[in-house]
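For reference, chains read A, B, C, D, E and F in written order, and residue numbers begin at 1 within each chain.
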Amino acid sequence: MRPNSRGLDELRPVSIERGFTRNAAGSVLICIGDTKVICTATIENDVPRFLRGSGQGWLTAEYGMLPGATTERFDREAARGKQSGRTVEIQRLIGRSLRRCVDLNQLDGFTIYIDCDVIQADGGTRTASITGGAVAVLEALLSVGRESAFLGFVGAISVGIVEGETRLDLEYVEDSNADTDMNIVMLNSDGFVEIQGTAEGALFSSEELNDLIDLAKKGISELQSYQQAVFDVPST
Amino acid sequence: MRPNSRGLDELRPVSIERGFTRNAAGSVLICIGDTKVICTATIENDVPRFLRGSGQGWLTAEYGMLPGATTERFDREAARGKQSGRTVEIQRLIGRSLRRCVDLNQLDGFTIYIDCDVIQADGGTRTASITGGAVAVLEALLSVGRESAFLGFVGAISVGIVEGETRLDLEYVEDSNADTDMNIVMLNSDGFVEIQGTAEGALFSSEELNDLIDLAKKGISELQSYQQAVFDVPST
Amino acid sequence: MRPNSRGLDELRPVSIERGFTRNAAGSVLICIGDTKVICTATIENDVPRFLRGSGQGWLTAEYGMLPGATTERFDREAARGKQSGRTVEIQRLIGRSLRRCVDLNQLDGFTIYIDCDVIQADGGTRTASITGGAVAVLEALLSVGRESAFLGFVGAISVGIVEGETRLDLEYVEDSNADTDMNIVMLNSDGFVEIQGTAEGALFSSEELNDLIDLAKKGISELQSYQQAVFDVPST
Amino acid sequence: MRPNSRGLDELRPVSIERGFTRNAAGSVLICIGDTKVICTATIENDVPRFLRGSGQGWLTAEYGMLPGATTERFDREAARGKQSGRTVEIQRLIGRSLRRCVDLNQLDGFTIYIDCDVIQADGGTRTASITGGAVAVLEALLSVGRESAFLGFVGAISVGIVEGETRLDLEYVEDSNADTDMNIVMLNSDGFVEIQGTAEGALFSSEELNDLIDLAKKGISELQSYQQAVFDVPST
Amino acid sequence: MRPNSRGLDELRPVSIERGFTRNAAGSVLICIGDTKVICTATIENDVPRFLRGSGQGWLTAEYGMLPGATTERFDREAARGKQSGRTVEIQRLIGRSLRRCVDLNQLDGFTIYIDCDVIQADGGTRTASITGGAVAVLEALLSVGRESAFLGFVGAISVGIVEGETRLDLEYVEDSNADTDMNIVMLNSDGFVEIQGTAEGALFSSEELNDLIDLAKKGISELQSYQQAVFDVPST
Amino acid sequence: MRPNSRGLDELRPVSIERGFTRNAAGSVLICIGDTKVICTATIENDVPRFLRGSGQGWLTAEYGMLPGATTERFDREAARGKQSGRTVEIQRLIGRSLRRCVDLNQLDGFTIYIDCDVIQADGGTRTASITGGAVAVLEALLSVGRESAFLGFVGAISVGIVEGETRLDLEYVEDSNADTDMNIVMLNSDGFVEIQGTAEGALFSSEELNDLIDLAKKGISELQSYQQAVFDVPST
């Protein structure tokens, strides 16, 4: 039995709030169950050196965990003077994924910075960051009248094999006991952007892989409805 | 005229929310006008090396600004690999101040970590961090039944001289044009913990100093009422 | 047409040399086409702090690229004072994968260090590191009479979609033009350890994913034969 | 009774030597009791990026403690690879204070570097650095014929409450037992540049604050006479 | 008796292989006994800032030890985030020495990077790096038709006093027991580039110094023959 | 003609002052011409990890250049967060040299830290650091009654070939134009501790090497008289 009697293919409750803070061009609070992430988007009038003169803009992402987001305090990386390997891995994934939301050729001269800061962690922080980050990207583009550069909502979810069951949207107690943990990022109904799966315990088979893929498709499709809905009413 | 027709000795609207996130022992969202800071308190079963065997506990603080908290993106210090001088200065002030809230002799074997992360900045982030942090300290002590070690609410506010006027609780547009900017921390009605004042423009005189002190006393007294009120009703 | 008229499901020439250098317990030179990696294994009598008293040993991996391994010089990370995000991501993948080769419960008190240093790069350096690293692990375990802790050869290969074709074992000119680039790690004929796929260009579909998986299974099965063969004759 | 029967409002013996070393444009050895600091001033033909084109020059300060300056060796910060929070806090204070000595509008294109290195420490090293630094600033400006940009001597002193007494110019044994420790910087007889006070033990009241301010005025006025006197005779 | 009955003035077996890897302009594997170093040379179209406009090119060197090169694993400096003092000292020596091989005035606009990575260590890695590096320099210059800028082969060897005997080309077991350890670099038969000698045990006398110098002259002369021979046959 | 009509084999004026500052166990100001270095010695009750239980004590050295010591300001290494290669090289030389002054077997449980900080630089700072450091070592040993562990004064001097002449004790204008620059460290009249020579311009011959050695012997012998003389009268 999953926590809260959740079905194997059921997402936790999802909420996405636009305009969460007011100084960034895009600012989103995404809550997926007890996981809460602030995703902001800032647009700067510059591109990295390797793109100067290329006619292309850029999008990059950074990720952080507030020290109080976890039950055991998470050491502040700024104080340690170094981002951990885990953080680096996650923010590279977020950046790669969200670059698929935008047509960089329409953003010449601009860099979009996405900052994903986890204020409460309960599993799935990297996928929540991607899903919320995509909303912040569109909000920021709208704020400068560049929404034509938006290609669609990238959505992301974790799936896994826990106690022999393939499950959608793992929360922390599941994630820490999973045999397989997989993060999947999609742009449309059968368009994969990224798939990262690891067998932490028992190995997984081709058949299980296909089951996990199907679960993820279902979950991401639902997330994309939440993302779309945010823009169907005026933001605060 | 101050922004929003505020009186010279008037605080911005204040709200303090306990139990803002659920994993940390104490978790507070403090909003003073448009400045918003998440303050969490975590208690660990250890003390720094220099206190081992001393019979004393410890309290330390760290401060951060989320990159999207400011209009122009604030570089992530974890990514730069270094906390700025400003950050170091601020977190040392927060730590020194909040250590006055607690009787370290009653906390042998424990370290309280206070993390203050600014999610939206409009002036006065360090004083809001202290004021909110004191609430998080008490909430955390209550969670472990150690509230007897709490000595009282430390409150903090900025005061300054702007356009020739002494003003309470500077917001960003005032702070950036102030001749004098002063941060004051008090534990009770005439008990100073810390005073840090800088003449950014015109020098200030002894008389002006006394006026600023009086303004701060008034403001901190009001903040201490807000701090107390948070505990007069059950937390969520 | 692939370079050197290679078939779509054909590996580049593979050679694996044991005992390549003599000071490390395990030392392997693996060449897959023009990609050449030195993989060494060292066994130390210690475990990381988080495993002390747990009854478990540990295996960890580090990855580096010699500055002269690439056509354009690759900046020495030791001189820059920091491993890049790419390096960190790769060595975490190598470590996770190779831990599946060994029964950590039989290695209490020991840490196996795998060092993978690329001396010539032509695509697929991370998968070559895993495949060669597994050989170094067994060689090192044999040197201390602990081969019973070896669970089997983990093999790894890249697959991808290039010019609309699914291809096995991408070399650099293919990799840099791939629409999809995927690294797959397996322990046995249908046991996946890790799958990491990224759509760099066009998105990939579930069907394409299955084709890529099949290619990888074929390639890894061949690599495992090469790994096994190394131990069928006495090492130098 | 204070050490050496010093009066509560009495400075320790003060000496200020110009031209202490010969390569820097300004070079001062300031001794206040047993605290000895070398303050040098160097003028470079450049301004920081944020001032380019602004018509303004700049002044910045750095502070260090020689490892042998204290009874227990003070770890060399260059070897540790990091300036401590205390050092950062001090050098920011010195820089802010000494910028008040000069009219930056008359120094377009120049940066003055002030380096304060403590060779022997006995309390009050940051205020001695400011007082000595101001002398080095004028010496350096004289060396390039820019003395018209000098606005006056900033002086600084510590005051505090020790054993219930308000005292001027705390030495180390007093400082380490003080209930309140305050550093005050002034430019003229009632012009405050900076005030930083901390209650280390008992809190301080408004009345005590005023007493400390009066002590500091007296002490700084005397220091300014010493600063002036250095230029009344030709330097060596 | 020396290991392998080697004579006091006898080099270990020497082999130098050109074109060891194919991406760098120059790539050499030098083996001196059991010491094996990969030396690559890369030419970039840029010079350091301090040489811009000077009409001069530049040559610089970096040195590294693969973690598996030594019996006890050598910590990876990229992972520690810092090159050790020993590494810095060695690569400065290599760079200074190899700059004597080339006429920098003929290399305006170019920087030659020499990377020396030890894959197996048995004493004398820094002198092997210099000797092999000189070969890589010429190979790289030939690859761009700039061989006229080559001034000759710098050769380097260690000499020392072990068990009261002056010996040529110390291997590790000798080096770690030497009373005196000296590294000597020469460009021609009586032209010294560098001499670095340290008495680790008993002090050395002027007379012993002269004996060591004579041994080094003999050894370097032989090494220069090996260097020359590499270019007497076409490279692979 | 040398500056100040100095003879080719003549030292600059030498002065060595004991007890220069009062907190360190040994504190020396050494002036050789216009080069001035503060050398302090501190004794701590600990040894590095690699010596625990060995019965041996340790001596280590650190070197720094005050920013104002040179005509062009020398960047503060603590602020840059890194010691330069030159600094690391120098302090390793100082440490190796001064360890020859003491019998480490008589210092079990103790580490002597030597800190050499250049307050004014005019060539020869590393050799002045060694010569002054040896005096600080003895002063510190006397302060704890351990002078029996002192083996004698190590002295050091630079020699070089400038304008075709072999010269003793190069000052900055000579050093920066030298063809050969050599630093020599000796413990007694024919006992070499270290020799480090570099041909910056023309190569040097065996014969020139011998001339330089002779000059150094003469200079070091004189320096050892200065070192001895410091202890022939009571320190202040």
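To be clear about the criterion, contacts are C-beta pairs under 8 Å (C-beta built on N, C-alpha and C of every residue); 3 or more make two chains touch, one makes a residue touch a chain.
It should be emphasised that the depicted structure is a prediction, and the values quoted were computed from it without experimental measurement.
Counting hops only between chains that touch, chain C reaches chain E in a minimum of 1.
Shared contact partners of chain B and chain E, listed by label: none present.
One of A-C, A-B or C-E repeats the interface of E-F: more than half of the contact pairs, counted by residue number, are shared by A-C.
Of all the chains, the one whose CA centre sits at the greatest distance from that of chain F is A. Put simply, the C-alpha centre of chain D and that of chain F have 32 angstrom between them. Centre-to-centre separation between chain B and chain C, using Cα means, comes to 51 Å. Looking at chain D, residues 81-82 sit in touch with two or more other chains.
The sequence of chains round the contact ring, opened at chain B and continued through chain D, runs B, D, F, E, C, A.
Listing the residues of chain C that touch chain A in their complex gives 85-86, 88-89, 91-92, 96, 100, 182, 186-188, 190-199, 203-206, 209-210, 213, 217. Chain B makes touch with chain A in their complex at residues 21-24, 27, 34, 36, 38, 40-42, 44, 62, 64, 66-71, 73, 76-79, 81-83, 87, 113, 115, 117, 119-121.
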